[in-house]
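As written, the chain order gives the labels A, B, C, D and E, with residue 1 at the start of each chain.
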Amino acid sequence: MTDAAAGGGVNPTLRGVLPILTVLLAIVVIWYGAAVWMNAPWVRDQAARAETLLTTGDLIRQTLTLERPVLPAPHQVAAGLWEGIAGQKITSKRSLVWHGWVTLSATLAGFAIGTVAGILLAVGIVHNRAMDQSVMPWAVASQTVPILAIAPMVIVVFASAGITSLLPKAIIAAWLSFFPVLVGMVKGLRTPDAMQLDLMHSWNASRAQQFWRLRLPSSLPYLFASLKVAIAAALVGTIVGELPAGATAGLGARLLSGSYYGQTVQIWSALFAAAILAAVLVMLIGALERMTLRRMGLAR
Amino acid sequence: MQVARRSETAIAAKSISLTFPTADGPVHALKDISLAINRGDFVSFIGPSGCGKTTFLRTIAALETPTGGTLSVNGMTPDAARKARAYGYVFQAPGLYPWRTIAGNISLPLEIMGFSRSDRAQRIARVLDLVDLTGFGGKYPWQLSGGMQQRASIARALAFDADILLMDEPFGALDEIVRDRLNEALLDLWKKTGKTIGFVTHSIPEAVYLSTKIVVMSPRPGRITRVIDSPLPRERPLEIRDTPEFIALAQQVREGLREGHSYD
Amino acid sequence: MQVARRSETAIAAKSISLTFPTADGPVHALKDISLAINRGDFVSFIGPSGCGKTTFLRTIAALETPTGGTLSVNGMTPDAARKARAYGYVFQAPGLYPWRTIAGNISLPLEIMGFSRSDRAQRIARVLDLVDLTGFGGKYPWQLSGGMQQRASIARALAFDADILLMDEPFGALDEIVRDRLNEALLDLWKKTGKTIGFVTHSIPEAVYLSTKIVVMSPRPGRITRVIDSPLPRERPLEIRDTPEFIALAQQVREGLREGHSYD
Amino acid sequence: QELTLQLKWVTQAQFAGYYVAKDKGFYEEEGLDVTILPGGPDIAPTQVLAGGGADVIVEWMPAALAAREKGLPLVNIAQPFKSSGMMLTCLKESGIADPKTDFKGKTLGVWFSGNEYPFLSWMSQLGLSTEGGPDGVTVLKQGFNVDPLLQKQAACISTMTYNEYGQVLDAGIAPEDLVTFKYEDQGVATLEDGLYVLESTLEDKAKVTDLVRFVRASMKGWKYAEENPEEAAQIVLDNDETGAQTLDHQVRMVTEIGKLTAGSNGVLDEADYQRTVDTLMAGGSDPVISKAPEGAFTHVITDRAFD
Amino acid sequence: MSALPIIAVWLGALALNTWLARFDTRATRLAVALIFGATILILWELAVRLYAIPAVILPAPSQIGASVAANTAILWTDFVQTILKGALTGWLIGAAAAIATAIAIDRSPFLQRGLLPIGNFVAALPIVGIAPILVMWFGFDWQSKAAVVVVMVFFPILVNMVAGLAATDPMQRDLMATWAAPYGASLWKLRLPAAMPFLFNGLKITTTLALIGAIVAEFFGSPTKGMGFRISTAVGRLDLPLVWAEILVAAIAGSLFYGIVALIEKKVTFWHPSQRRQRG
C-alpha cells in the first residue's frame, strides 16, 4: 500500500542502484582518461629511449597495460583485486581475504576499545567538572601525536613484554578511533534542550537516570555520525600499526611491501580492499543507525 | 503523623528578585516578590505576557536560583524539596521526549521514581483516560496534535503523586469543553489529595474558578500587584461561574490586571 | 486589473480527506471536507483538540497533500499559490530560529522575498510595536517568555503582505488584555487590506468576534459539523460582545461544538 | 636455547643466510631456537634491542656507532657482509658523468634514518653543500622505492646493488641509460649488515655460547645461500608473510648479495672498521660520531665460532 | 614498592583538581588543565627515573625540554613546513571541498544516493596507502602533504555536514515552505545555520587528523625538513629527545589549532543548547 504510493512505477532496487552506477561510470571514465594522461610521459620516454615511433593507438594501449604504471587502469586494479580475492586459497599469503581478515580483526578490536573509551570519557566529561576541564585539552593533544612515530615504540614496548600480533595494532586503532567518539559524544550528551533537562531535574532524576533516559537517546544521532568516522579511523590505525610490526600480515603490510617493490597494481589492490572493507563497515553502522533510530521513532 | 508536624506554610518567598544577565544589559525578571502559600492552597498566577510567571514558578521548583531574597518550600530549600521529589511540573510547551511514545513519556518519571511495572501500567492508563487520550499511548509525540501533546504532558505530571503541582498554562491549547472537563478533574484531584498547586493561566474565569488565592503580577520588572483570596467555597460546580460573587471576583482580577498593563 | 479578473472564491475544498499512515494503522485526520472560502473572508476553525484543524490549515498551505478530494487556492493548486507567496502562516508553536534575534526572525521572510533593507527595518519596527515587543528586537528567542515568543511569531507573519493569512491558535498563550488588543489590531488589518484569513482558536468569543464564517469541526475522523455565517457587521467594537446577536451566535457555536464531543 | 634476531628490513634475500640457516636446521643443529623478526622502514633495530625485543640485530655500522655515542653500548660480534652494496643511480639523460663536477644544482634522493651518513661525508669530500642552491645539491628524503627516478623527481637516487637497482632495470630502463656511483668506488663505503648485541649480553657466559653457535650457524647459512641461490630464494619466499615477492627478483638478489658476502667468513676486518670510522668522522658539518669509539666490536664470538 | 611515590603524586593532584574544579572560573579552569598536565609530566619523569627506562625507549620530560631549548631553529623550520604549509592548506582545501560536496549531495537526492556510498569508499582509503601515491603525483614538497590532508579530512567533514544539513526542525522547514523560499535562501538561512553544530564537530575532529596526515605523509618522502622527516631521521639516530620535542610541538600546535576552531564554534553556534548556559 505504502510501497505502491512511493514506488511511482520505477523498480525500487533500480532506483537505489542507478545513481551509484551512474556515478561509478563517470568515475571509471575519468579514471581511464587520467591513467592515459599520467602514464603517457613514461611511455613516451621509453619510446624515445628505444627510438621508436608511437601512434596514438599504441600510446593508449601501452599506457593502460604498463607493469609499473603511475596510475593503473581500472581493469588492472580489478584484475589485481580479483586475483587477490578469488584467485587464491583464502589461507594463502597472497590472498587479500586472508590479509583483510588479519586487518579486520584488529580493526574491530580497536574500534571496540576506542568506542568504549570514547564514550566513557565523554560521560566523565559531561558529568564531572574536573574531568571536563582537564581531560579534553589532553585528549586533543593525544591526537596530535603522530602515531606513525610512536607506533614503533608501542610495538617495541609490547613486544618486549611478549605481546605481539593483534593487541598492539588494536591499541593504535583505538588511539585513533576514540577521539571522534569522544568529541561527538560530548556534543551529543550536551544536546538535550533546557526544558528536557529541567523536567528531569524536577523529577530529581539521578545522574544515571538522566544519562540513560535523556542524554544518551538524544546523543545518538551524533554518536552514529562519530562512529562512522571512528571505524574508518580504526582501520587506518590498524594499517599504520601493521607497518612497523614488520612486514608481516595484513593489508597494511601488503600495501607497504607493494610499495617497496614498486608493484603499483598490488598497492592499489590492497588499497581498494581496505577501502571496500571500510565502506562495508561504515555501511553496517549506517544500517545500525537507521534501525536504532526507527526503533526509537526518530526516523520520520 | 508526618503531615501534622510540618509547617502550615508550604511555600514562603521573601523579597525574591531574579536578574538575567544578557548581552545588552541585565533583565529584571522578578523584583521583590514576597508571598506565602499555605499547604493545600490552589494559587493562580495571572499577569501579562513576560511578567515573570514562568520565572517565578521555575524559581519555586529550584530550576532557577534567585539573585536576591529567600525562598523555602515545605520548610526546606527548594533544592532539597526537589530532591525529595516534591514537584510535579507541567511546562508551558509540552516538552515530550521525541524518542518515546506517549505512554513511554508518562512512564518516564515513574521509572525514575522506581514505580513497579504493573503500577506504572495502571497509572498510565488512568491518566491517559483522565486527559482523554486513551488509545494514543502507542503514538509518538509528533503524531499528535498540539493540544493532545499538551494533554499528554499534563498526564505525565499527574501520574505520580507529587506534593506540589506546578502548572504553567497547562490548558492554553485546549478548547472550552475539554478545558472545563480538565478544570473539574483538577479540582477533584486537588480536593481528594490536598496537594498544593501553583497554576499559571491567562484566563480570568479559569483562575477564579480554580483558585483559593489569585496572584496578579505586572511586568518590567516582574512584581506582585495584588493577592486576592477567594471567598468561594471549596465545592465548586461549573455553575458557580454565573454567581455574583464569582463575577465580582473576576472583575477584581481584571482590574488588577489592567493596572499592571503599562500600555493601557 | 489583476484583482478583478480573479475568482471570488479564494479557497475551494471539495471532499478533502487525509490519512496518515502510522505503525499501528492509518489515522483519518480529515474526512470528506468541503468548504468554500471567499476572498476577504475571515474564517475561524473551532473544534476539539485533535479534530484536524491544524491538518486542514496545513493542507491549504500545501504543507500536507490530501489523500483524496480537490483543493484550489486563488484558482491555482495550493502549491502554485505557495510558490506565488500567497501565505502568511503562524504555527501553533512559535518556531523561531534560535540563531537569529527576534528582529532577525521577523526580517527572515522579508529577506527571502527581497524587501529592501530600509523597508525591512521599517516593517520590523511596525510589527514589533503591533505585538508590543518594541525593545526586544535584539533578544534571542530563548531569552523571551512563551507568550513573547508567540507574539514574535505573529509579528513575523504580519510583516509581509501575504494574500492569505493562516493562523493556528496564535493567541493561545496570551492574556485577555493583550488578546483583546491583538484581536482589534487583526480586525483592523483585515478591514484595511481585505486579506483572506484562516484562524484556528479554542475561544468561542474570539471566533465569534473576529469571523465572517465559523467552521465547527469534530474529530475521529475530522469532519465539518457546522458552518455558521456571521450576521455581525464588519465594523466591530469590543462592546459588540455584549449584544444579544453575539451571545446567540456564541451559543450556536457552543452547541455545534458540544455535538462533536464524542465523550459528552 | 631461544634467541631473537631483529632484521634491518623486510623479509628478503638480503637476509637469506639467516632464513636458510633456520629452514635448513643449522640453528637446530646448534641447539638454538631462533626467531627472526622482519624489520621495516619504521623499525630502528637498535631501539628494539634497547627495549629488550631482540637479542641480536642486523644493523649498518654507521647507525650502530651513532647509537653507541648516544649511550646504547652496541658491539659488533660478526660481519658477514664484506663490502657495501650502496650506490647512487642516475639517469644518463640528466647529464651526470662525473661526481666532482656534475652534481651541482641537481636533486638527489637519499635514504635517511641513519643511512644518510656515508652520503653526507661523500658530499663534504666533494665540497658540495646539501642545502640546495646552484652550488650545492638538493636532497630529498627518498621513500621506499625507485619512483623518484622513474618520475624524474630526482636526478639520482640511492639504490642497493642487490635490490633497487634491479627494480630500476625491471621498470624498463636499460643499463645503458643509467650511470651508477658505488660508494665502494668513491672511497666512502661503510660496513653494512653486521650482527650487533648489547655489551651486557656479552657478560653473560651462557648467552655468549649461544651467540657463538648462532654466528657459526648463520655463516653456514650464508655460504649455503651463496652456493644455492635458487633454493635460498625459495626459502626466503616461503618466509615472506606478505606474499609480495617474486622468485625472479629474489634469485637475482641472492646472487648480488653473494658478491657482498663473498669476501667474509664472518670475522670483522679491522681495516674495514677503521675505514668506516674515518669516513664517519670526516662527515660534513654534522659528523656522525665525534670521537673514535672504543670497544665497538669484539672478535671473541667469531674467534670461538671459527676456531 | 617503588610505585608508591607515583601513586601519591597522582592522588594528590586528583584531590587538588577536584577541589579546584568547584570554583569554575577562568583562572581555575586553566589551572585544572595545567595541573593535570603537570601531573602527567611528573609521573612520567618519576617513572623514567624510578624504573630506569633507557632514554632510547622513552626520554624523560626534562631531557625533552632540554632538546626543545637546544633545537628551536630546527623546530620552527619544521613547524612552518609541516603545519603551516602542509596541514593548514590541506585542511582548508579539504574542508571547503567537503562542505561543497555535502551541499551538492544535499540538493540532489540522485547524487546523494550515488555519491555518498562512493564518497565513503574513496575517503576511506587509508592514508598510508595514498601517501606514497600522492607523493608520486604531487612531488616531495608540502603540496603532496597537503593533498594527503585533503583526502584525510574530507570524509569526516562530509559525514558531519550531511548529517547537519538534514538536522533541521520540521516546523522550521515548513515555515520556509510557506514563504516559498527558493533553495538558496533556505540553504543560507536555515540549513547552513542548523548544520553548524555538526559541521564544527567535523572540523574539530579533523584538526588533529590534518596534523597526523601531514606528518605521516613525510615518512614517504620529503625534502630535508619537516616534522615527519625529523622524527624518522632522529629515530634512526636514536635521538629520542628530539623525536619527543617534535611530538611536543605537534601536540601544542594541534591543541592550539583545535582551540581556535572550538573558539570559532562558540562564536558561531552560540545559540545551540550545548553552548548556552542552561536556564537554571
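Convention: a contact is a pair of C-beta atoms (placed from the backbone, for glycine too) under 8 Å apart; a residue touches a chain by one contact, two chains touch by 3 or more.
All figures in this text were calculated on a predicted structure; none of them were measured in a lab.
Following the contact convention of this document, A, C is the list of chains adjacent to both chain B and chain E.
Each step here moves to a touching chain, and the least such steps from chain A to chain D number 1.
Between A-E and D-E, more C-beta contact pairs join the chains of A-E. Separating the centre of chain C from that of chain E, both taken as means of CA atoms, is a distance of 50 Å. Annotation: 51 Å between the Cα-based centres of chain A and chain C. Chain centres here are Cα means. That of chain B falls 28 Å from that of chain C. Separation between the centroids of chain B and chain D, computed from CA atoms only, is 84 Å.
For chain C, residues that reach two or more other chains under the stated contact definition are 93, 142.
Annotation for chain E: residues 57, 132, 136, 170, 219, 232, 235, 272, 276, 279-280 touch two or more other chains.
Residues of chain D in contact with at least two other chains: 41-42, 44, 47, 51, 143-145, 147, 151. Of all residues in chain E, only 17-18, 20-22, 24, 28-29, 32-33, 35-37, 40, 57-58, 110-115, 117-118, 120-130, 132-133, 136-137, 155-156, 159-160, 163, 167, 170, 197-198, 201-202, 204-205, 208-209, 211-212, 215-216, 219, 227-228, 231-232, 235, 243, 246-247, 250-255, 258-259, 272-274, 276, 278-280 touch chain A in the complex they form. Put simply, chain B touches chain A in their complex at residues 58, 61-63, 82-85, 87-89, 91, 93, 95, 97-101, 108-109, 111-113, 140, 142, 160, 166.
Interface of chain A with chain D (complex): residues 42, 46, 49, 67-68, 70, 92-95, 99, 148, 151-153, 156-157, 159-160, 243-249, 253-254, 256-263, 266.
On the side of chain A, the complex with chain B involves touching residues 195-196, 198-206, 209, 213-214, 217-218, 296-298, 300. By the touch rule above, chain D contacts chain A in their complex via residues 7, 10-11, 37-44, 47-48, 51-53, 143-147, 150-151, 167, 170-174, 177, 240-246, 249.
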